[in-house]
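Next come two complexes built around chain A: one with chain B, the other with chain C.
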Partner chain A sequence: MSLGLYFMRVKCLLRNMEGIFWCYIFPIILSTCLYLGVSKLGAVEEFETIKIAYVVGEAQTELSKEAGTAVSQEQAELSHEVGTAVGHNELLSVMKAAKLSEDKYMFDITLCSSKEAVDLLEKGDIEAYIIGGDRPELFIKENGLNETIVKSFVDSYMQKQITIKNILVSNPEALNNGLIDDLIGQTDFVDISDKHKKPDNIIIYFYAILAYTCIFASNWGLEEVINIEADQSMRGARISASPVSKMRLFACNMLASYTCHIISVILLFLYMKFVLNVKFGDELAYLIAICLAGSLTGLLMGASIGFWIKKKPAIKEAIIIAFSLGCSFLSGMMAVEIKYYVTEKFPLLAYINPVNLITDAMYSLYYFDGHNRYFINLMLLMLMAAVFTVASYFGIRRRNHDSI
Partner chain B sequence: MTVFKNYFRVLKKHLAIIIIYMVMFLGLIIMFTWNTGSKNDSFFASKVKLMVINEDTQSEFLEAFLDYLEQYAIFVEREEDEEARKNALFFREVEYILTIPEGFGEDFLNQGRMSLSKDTVPDSANAIFLDNAINNYLNIARTYIKHLPQISQEQLIKLVEATIGGQVNVKIENKLPDKISASNTFNKLFFNYLGYIIIACFVNGVSVVMFSFTVLEIRRRHVASPVSARRVGMQLILGNMAYLFCYLIIFIIAGYIMNKNRMLNTGTLLTWLNVLVFSLSCLSFSYLVGITVRSKKAIQAISTAVSLSIAFTSGIFIPQEYLAEPVLKAASFAPGYWYVKANNAIAQIISYDWTQLGKIFGYMGIQLGFAAAIMSIALLAGKRKAQKE
Partner chain C sequence: MLVNVKGLVKRYDKLVALDYLDLQVEEGEIFGLLGPNGSGKTTAINCILSLIRYDKGSIEIFGKPMKPNAYDIKRNIGIIMQNVAVFEELTVYENIYYFCSLYIKDKIEVKRLTREAIEFVSMEDYADFYPKKLSGGLLRRLNIACGIAHKPKLIILDEPTVAVDPQSRNKILEGIKKLNAEGATIIYTSHYMEEVEQICSKIAIIDKGRVIAQGTKEELKAMISLGEKITMELYELPEKNINELKEFPGIYSVEYHENLLEIKSAKGRNNLIHILDYMAKNNIIFGKVYTELPTLNDVFLEITGKELRD
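Entry: the complex of A and B
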């Protein structure tokens, strides 16, 4: 008989199109939208070759002339000496040669007149332009990281010229001792540490959506209470008048809800992992375990709220939606920084937030070695599930209505 | 005007969700535009969040080196725990962790081969930027040490400081005055986000009302009433337009008040015109949804799904320049894409010549085309539904 009740409830749940949309389809739409939106965001952080223009021709010649009149004879001689050593238009050739890696140049340089450069800058085709010469000038449209990179590169070039001048004043022989080679051949003083995995924080959004879907089971838990409580729905009143044990029916219904809900969570997980290629770490069993625990906690939480809050069903639904959305917000679904801020400043809030526990367990599997953090999250989640089970049990037992 | 009055009576019942969306939007907009200040006329360097783990003994040279890095970095307090450091890096609380190993200062001054160590987001622009700054300082210092072997530590520091003082002259070529530029930036953000709320609220408001009016019993009641079908239609259109204008006026005023650099110029007026044009296409879509769905619950689902899809793919939540090309191509089949494009173009406009204005009006024209096409489909669907019944 119990099996019959179970299958009947599964059938009912699968025919409830509204429930199916919010649990099966909506998370998939949300994660797809997020994927489409943020798929290029990771690349935004990566360094892209900077488009700049370099002004050659009249403007440069005129500027060079102006600069020439301004410097003293001694400086001019020194400049000439340095110029001969490093070659004319050295800045341009240095910038052209600057590479980030084997196949990636730092700058994509367009040679043009100053008028063309102004037009290019205005249209946004370049991020800066340089008027070369003895005293290069940099023109930008707005402040930003790429603009700062161009500036620091030109600064570095000018500083090398100053270095040459300073050294030649005290040690004129330095030119013959590889001074130019020393300055051109830059030594890299910073090594990459291999301690950390790639900190791709965009995945937190996907983890939070998956965690939210788990906790969304609370709506299904509440629905089961509304369906069984005589003072909450007509169906509840009908069930109260029937000879079936309320506790057994509730258990069957909850099991049916759990089955249907966990399928939606697993489908979403598979969709994220294999279609959207979200990185989850390699420990599939641990991931499924946290999803199962999360869905169970959500379901029992919804049931507890349904039993213990004596309000209309609509108000209970609103409480659950507000609570689950609030938990998701605090676990980084809308802005990843929030998760870090809450964990750092209000650790207790992070530990009692079921959405955060699921998100954090997935994050720890992806980013950290060892499972300590994962098991703390899992245990806390199971503890919550146990508390909600007890609360639901005391909520349903010996509850009768004299008159409705 | 019975139908017109009833329109708002039905709408009143669904006002709660519209108000929730409005409040949520205003909250979001305050959060996102809080730091939209006026631009600076002068150049200021971008800075990277840096955590320094100094395992070496403090020396004058290292102090000078870290002072130099202040030009390029914001120093974040050192975390002793390894897991806390990893967390901070993951959530970008820190973007670059620089470890100075024990004995580095001494070794460097003696032209040794010891290196610093870093933890960053691999290949990120921030990491490359700070790498360059660090290498620049150390390479200059190393060159001095090599070619001026008698130099003392103090002299070296002074010489390097004097050298890094040589910097290129930077000029900002922003032809828009600061205040206009800041006002445009705010308008762009505000009205782009408003696009999401307009879709959500219009589908939730207009569709629900239209659905109520297209229920078979209500339609039969209208047919039996002395009010002609034409008058009913006209009053419904009037109701929709009244809703649209009330809604827009509230947000236009809110946007104007919230803009710290508010000004009534051509750009602002163009933004208002653009939002009006976009609202027309949303109105036709809501009308289509209202007369084609079979249950009220489906309207909520459609509203959420459509508004989120358009917001993520059209550049409302994430700027269009950060979206992949195929996503943008797909998004161009919805009016939201052209609405955001027009807003972005208005924010960047410098001179109001016909080339620039033509482009913006072109985007608005496409949105009107969408509105007309959707409305035609809606009218056709409505007629078929009526014939079937």
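Entry: the complex of A and C
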């Protein structure tokens, strides 16, 4: 009989389109929107090959004067800075060889006369042009990222060239001590360890959505109470008049709700992991365990509210929605800074917020080596579940009501 | 005695909903609980089913005290609520199956009873329909099927015909009579006196939480002084004639307004002939004439001084 009631309840829940939308579809939509928003925010702008022109073998001063008619005074000053350094047409070969990636060159260089270069710059076909020689000069039309890159490249080339020349003059033996390699090479002083991922605030939003989905089970817990209590619904009155133990029926229904709800959480988790490629780390079993605990806590919390708050079902539903959203807000679903602020300023609030406990447990799995913090969160969550179980037990033990 | 309610008192704060209510329902009866809205009918039913607490009194069903966990009693009770109480997510068949399975353990038996209940309410063509696709009348029939599928010995129907079209109402009333003929005892609450008169073998009239009269409809009508009500269409009737009519033996009320003359007379007096004779002798022209025997509304009116529909 109990199995039959369980399956019938599962059937009811899976056919409830409203419940399915909010529990199965809405979190997926939410996480997809977040993913789309975040991928734009997080994406590094990809550098494109910069079109420039290179003028070889013309008298620099005359050209400078010509160019000065085409570009602004400010730009002429900029070019002068570069032009004062000593340079050769070796710069051209270095620029030609410079790459952004394996198959992408940094510069697309057009060799031309100075007049052609000025025309190209005016038309916007190139970002800058360089007049080669002992003192290369850079001409640009406007300030921008690509112009800055070209200037930095030329500056860097000139500085290194001067440095090497000076060393060769003052200490030729330094060449044998690897000084040139040191000058050319770059050293990065930032170390990223294998275990500790680089700080990623974005993932907290995904944790918050998972946690919110878990705690959304409270709506289903409330629904089970409404369905079984005579003072909450006509169905409840009919069921209360039947010869079936309310405790047993409630247990069957809660188990059915838990089954359906946990499936929604796992589906969301799989969607985030395999479709949105959210990096949850390696400890997935722990992650699923906290989701199971969160879902159970949510379900029992909803049931307790259903049993003990003496209001109409619609008011109870509103209370549950407000509570879930409030908890999610405080755990950083809308702005991650809120989570840090609450944890720092109101630690007790953070410890009694089930959504925060779930996100914090997930966060600790991602960032920390040990499991202490994870287990503290898990235990607190289970403690809450135990309290709500006791509350639900005493709630359902009430045999009849003052009025229905 | 199938149901024995004694001295039932139920208060909602200062409001006394049931005021020492006494009800006795014999096996095989269709027991009507008749009263205006707010008279305490539904509260009485909820107390009988142990859905709500009561302050005083005792309730026995099948000779045993009724309690919330009296599952052996509840197993033999079918309840049809005032509002439709079914699951929107389950089909007609599944709803009946679900509620029947709360009473019967054997799956095969539940299936058989479910099919029988569907036939009983003539919903074979709608077995796979979801409730939201059903009309109001069909929903009521589904509601009834869910309450009677397990073949209970006692069926309690709490205003099952509210907001139901006449065709569905007749079907429901016929169904109730059929259930009774098959051996079920029925408690039927309503504020429609016509329905109660039509199907109930015993009636309790309830007002302000008290039973003010109880018996068969004939017994109830015998309790009041009104025996016959004569109504005549008249275009004109001088005050003098009204006063003379009042002097007729057995007539205790003569009222004339809006071209209608209403004469109430005591039981056992056949006044119609004398009145027609008086009209002819006085050259009073009249139109339609009709007489009515007292209704339950007249009973209620005479006892409480107000209409059942008030």
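FYI, the second predicted complex is superposed on the first by the 245 of 404 C-alpha atoms of A that agree within 3 Å, B and C clash if a C-alpha of one lies under 4 Å from a C-alpha of the other, contacts with A are read in each partner's own complex, and residues count from 1 in each chain.
Assume a residue touches a chain if its C-beta (ideal position, glycine included) is under 8 Å from a C-beta of that chain, and two chains touch if they have at least 3 such contacts.
These numbers come from a predicted model, not from an experiment.
Looking at the shared chain after the overlay, A:K11 reaches chain C, while chain B stays out of its contact range.
Look at A:Y351: by the touch rule set out above, it reaches neither chain B nor chain C.
When the two structures are aligned on the shared chain, A:N400 is found in touch with chain C, with no touch to chain B. In the superposition on chain A, no contact is made by A:Y271 with either chain B or chain C.
For chain A, the partner with contacts to more residues, out of chain B and chain C, is B. When the two structures are aligned on the shared chain, A:E337 is found in touch with chain B, with no touch to chain C.
Once chain A of one complex is fitted onto chain A of the other, the partner contacts of A:A237 are limited to chain C, with no touch recorded for chain B. Counting contacts by the rule stated earlier, no residue of chain A appears in both its interface with chain B and its interface with chain C.
In the complex of the two chains, the chain C residues touching chain A come out as 12, 46, 49-53, 67-69, 71-72, 74-75, 77, 79, 81-90, 94, 97-99, 101-103, 105, 107, 146-147.
Residues 1, 4-5, 8, 11-13, 15-16, 230, 233-235, 237-245, 249, 399-404 of chain A are the ones that touch chain C when the two sit in their complex. Every residue of chain A that touches chain B in the complex is listed here, in rising order: 18, 21-22, 25-26, 29-30, 33-34, 36-41, 44-48, 100, 118, 121-122, 124, 135-149, 151-156, 158-163, 166-167, 170-171, 174, 177, 179, 182-183, 186-193, 195-196, 198-199, 201, 336-337, 339-340, 343, 363, 367-368, 373.
Residue ranges on chain B touching chain A, taken from their complex, read 39-40, 43-46, 72, 82-83, 86-93, 97-99, 115-129, 131-136, 138-140, 142-144, 146-148, 159, 162-164, 166-175, 297, 301, 304-305, 308-309, 311-313, 317-318, 322-324, 327, 348, 350.
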